[in-house]
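In what follows, a single structure is set out as structure tokens and then discussed.
A, B, C and D label the chains in the order they appear, each numbered from 1.
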Amino acid sequence: MALINKNAANIFATVVSNKRVGQYHQLIVNIGEQANFCKPGNFVAISVGGENSRMVLRRAFAISRVSTSTTVGGTMELIVAPHGQGSRWLCSAQEGAELDVIVPLGSGFGIPTEPVHVVLVGGGYGSAPLFGLAEVLNARGCRVDMLLGASTASKIYAPMEGKRAVNSLRIYTEDGSMGQAGRVTDPISEMISQSDIAVIYSCGPMAMLSAIDSLTRGTDVVHQCAVEESMACGIGICMTCVLPVATEDGSIKMLRSCIDGPVMDGSHVQWDKVGKAL
Amino acid sequence: MTQLDFSTTLGNAWFPTPTFTASGCASSGRELAQFFDLATIGGVVTKSVMSKARSGRPTPRMAETPSGMLNSIGLQGPGIDEFLAKDVPYLTEQKARIIVSIAGETVEEYAMLARKLRSVSGISAIEVNISCPNVENRGLVFACDPEASRRVIDGVRRTIGGELPIIAKLSPDVTDLVSIARGVVDAGADALALINTVLGMVINLETLRPHLGGKTGGLSGPAIRPIAVRAVYQVHAAMPQVPILGMGGISTGRDALEMIAAGASGVSIGTASFGNPFAIVKVQDELKQLLVAKGFTSLREAIGFAHRPESE
Amino acid sequence: MTQLDFSTTLGNAWFPTPTFTASGCASSGRELAQFFDLATIGGVVTKSVMSKARSGRPTPRMAETPSGMLNSIGLQGPGIDEFLAKDVPYLTEQKARIIVSIAGETVEEYAMLARKLRSVSGISAIEVNISCPNVENRGLVFACDPEASRRVIDGVRRTIGGELPIIAKLSPDVTDLVSIARGVVDAGADALALINTVLGMVINLETLRPHLGGKTGGLSGPAIRPIAVRAVYQVHAAMPQVPILGMGGISTGRDALEMIAAGASGVSIGTASFGNPFAIVKVQDELKQLLVAKGFTSLREAIGFAHRPESE
Amino acid sequence: MALINKNAANIFATVVSNKRVGQYHQLIVNIGEQANFCKPGNFVAISVGGENSRMVLRRAFAISRVSTSTTVGGTMELIVAPHGQGSRWLCSAQEGAELDVIVPLGSGFGIPTEPVHVVLVGGGYGSAPLFGLAEVLNARGCRVDMLLGASTASKIYAPMEGKRAVNSLRIYTEDGSMGQAGRVTDPISEMISQSDIAVIYSCGPMAMLSAIDSLTRGTDVVHQCAVEESMACGIGICMTCVLPVATEDGSIKMLRSCIDGPVMDGSHVQWDKVGKAL
């Protein structure tokens, strides 16, 4: 029995809906039974460009939420930013289109056993997996504060229904077009010092994750971050997606963010060594 | 379906099917086991292992290109000792046939790796990846230098004795592939693996600098298939008796048949597995069907078919 | 739009824009004149002309491949005399800037072609296509042999005198491109054209034989772009003072900018014109816009940008 | 002013309809004003596979008929056989889809100035351009006999409305599933000897064209055939599509079938030298 990529399956999944939300597209995709295996933090790998595509690699997207009680079977939600050719192709997928998806992949966020105080920090489409996470944490009785940031209002993804599971939500935009002007990392130090935060969950650009790591360093706060590295395979066979991470024996190893991540302990990641030779 | 003998041999190693993973494109094998039974394919070619653990090149390590990709992994891996302690036993347990790929920075490192492998049971063959920089000679890649290529294979051959087949894996980035192939066969290679990746580069349009951490990278995938087919054809024409493990952009049974007709006795599937974890199984099934549909009763009859006169 | 100096030079030849046709991919120029005014692009690089008329290789002469194609035209053409009588006057009349590509089977044939071109007016430069089989040396392609490459360029340089810039067009199918580049520059080339097609083959799945009449063919198109960018980068790194006409898979302004950042002073567009007759005009427009958007005030600033330290 | 590719334009043309007819697809495509320039025998070159296509070359298709009096603007009809990836993609084009088309290309059939007796011979989808041609010849007062052949019934393309312009139509299939069992070339010798045929127009596989050439050799019958060679560019710039043809000075030259064809004088084509080095 396989331990790596356990539960992952390659399926043809139908697009149930595709809605534009700000600068993103919200895709609901029918993944049937596989929805049962998806945990907050997991991602999917999708073939792009269709049958005659010159794009040979899959694209990775965080699973924003899953729903196992819909009439169409289990569904997952993706929040897709039209970035390059592949993601633009996905954003143009129409209702009823079939997607070639491997689901679920990667590690999930660790969930505390106690009802502790947690902060969820999302940058851009990085907020996507946090809403599903918030629901789980909320169900565990955690106090969930959420901070979302982006360069501008249209890059904030914060659906109404998602807010139900959070105790507070603060939004930051660099241009001040929504919420407060500033960065999502601005309030974190104060929050850490003024309350009993046990865990910070983060997802967003690497620079944001690294900044949060600096802010949590030397504190008792655990930092669980979902990293984003270029991935050729998403299943652990290519070694392209590596990050320098401190391992138990104290040595620093290049770990694959697709199978040893995307959720990692932020304090183990050697942020200053990312993109450098060890 | 008529009876088809789908088996193949590389040197004295026998395999029930001619479809293999490509070195560096299946990691330790464990990662693919969720998708298919490793014992059902021809064999697993492991990622090139060196004497010591290596952390490889800085990221980004990949760039997608039209119908292909560049990689600059830089042979990240655990080193031969951990590899023998963990990966080989796992694959053996899965009943997978194993071809171990080795890589070194000196002729001596290759020989040392061969020494460690000599007595390990459960290994079908050794693939010698000579597309590595030779630290003793200005970092010139072994596979680009006929003399250095020959010396590596000679060293491995002497160390390993006569039992285990040696497959020399060559680079297409040379002026005269056939002469390099001849050299390594003379030095004791039983078979050849063709082709390793083609040297390439992508410039990042944001920074206007080389995109990869390692600046240059190896081009793989369907984009290079015509180069790989040509390489296999050329070498088979010159040395029809030497078995070839063909690779480079294979992702369908048709692609595999092209390679086999050009002269390959088996095929490795690399980049295609990144896009489709079942790629090897798919290629294997499609190839089998195609051979039957074309009236072949054995894979062997199809090997090198493209070299026969049209009248046949 | 800010003022952009879009002009470039190859040796002492000046061109208002850096976008050219690729030799063999624009025929005589007449065929494209329906689609755009030939005077609006940097220049027309004519298909390689030889001393005598040639009928070329048997058909099929092409095979499409993933993101690319193979061709085996075999230098079909009218021969230098008819070319000078018909094609050059036509292009001159269109006010197109002309780079004449020449090809030969002997060192003497190249020199003879140069002699005929020496006194022809209206020619901006000569591109010397040395990817031809050398009949005096076992059909070994000139461009794959440093000494033969050098001798061809030396012969052309001596014959043509000091006026007309010589652009030596090299093949990527070599172990050490930089040393070949150095050799032809030492022999008198003012600039380099990189890259010619990569040798490849496609097997026809019906006949299971090589698809092309000429068996092997030259791979071109987006599939080879990473190889071309690498070649340009390597050669520019070694000889930053030598202008390069970069080509291989360029079909957008982004592709052209990649090539220019890697070190090219101008770009040729070949295969892309087959899919889109306006490809050169499109590349030219897009490149211009990109340069402006990135804040460049001249093309010159962007040439070789990828070689500057990241801090800049 | 350009003489080669005169009137050719690169346009985005909308698919008006796509109907399956036997093993073929009949596509009606809106080409607006360009319809005015299309002559029987001309072809078009179409980009295939969409935006992210790994197919870099256009595909050539004969213009079957044009109509300049439709409500949607000028249209052309194509008869497409699903052969490989590119033509299959085209066969799956839906109504309203946009095609990137260069139209018109190549030479047209020569039309006699006198009302002579002509025979039109079509093999497989090669019949497509013959119906438009028949209309023109019929309008000139010619007697038009048509012979269509294919391996089997579903590969015969012979629309009802097309038959109006012909005086007789005979169909041949190799398996006898439609019309007479046999080859379309079977009756030609007899027809030539028994009547006053001035021109045979042909379109179909190269083997058929070559066979007709043998049958017309030594007779007074002119043979105008539309050849089909692999084309990389379709506009005369690549030299892939050449055929050995006798020129006026008696020499044999490799002529481009895209601009010196596809319609050629069958007696000039050196059929025995096709695919060989000169």
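By definition in this document, a contact is a pair of C-beta atoms (placed from the backbone, for glycine too) under 8 Å apart; a residue touches a chain by one contact, two chains touch by 3 or more.
Remember, it's a predicted structure, so these values are computed and weren't measured experimentally.
> When the contacting C-beta pairs are counted for A-B and for A-C, which pair yields the higher total?
When A-C is set beside A-B, the one with more contacts is A-B.
> CA centre of subunit C versus CA centre of subunit D: separation in Å?
Those two chain centres are 36 Å apart.
> Using CA atom averages as chain centres, what separation in Å is found between subunit A and subunit C?
47
> So how far apart, in whole Å, are subunit A and subunit D when each is placed at the average of its C-alpha atoms?
Centre separation, subunit A to subunit D: 56 Å.
> Please set out, as single numbers or ranges, the residues of subunit C touching at least two other chains.
66-68, 221-222
> Which residues does subunit D have that touch at least 2 chains other than itself?
54-55
> Based on which chains touch which, is the overall arrangement a line, ring, star, complete graph, or other?
If you draw each chain as a dot and join those that touch, every dot ends up joined to every other.
> Could you list, by residue number, the parts of subunit C that touch subunit A in their complex?
66-67, 222
> Okay, in this complex, where on subunit D does subunit B touch?
54
> Mind listing the subunit B positions that touch subunit C in their complex?
Interface residues on subunit B, with respect to subunit C: 63, 65-68, 70, 144, 173-176, 198-203, 205, 207-210, 216-217, 219, 221-227, 229-230, 233, 249, 254, 257-258, 261-262, 294, 302, 305-306, 310.
> Would you pull the subunit C residues touching subunit D in the complex into a rising list?
Contacts found on subunit C: 24-27, 30-35, 47, 55-62, 64, 66-69, 71, 73, 76, 213, 221-222, 271-278.
> Can you list the residues on subunit D that touch subunit C in the complex?
Within the complex, subunit D contacts subunit C at residues 2-6, 8, 10, 47, 54-58, 102, 229-230, 232-233, 235-244, 252-254, 259, 274-278.
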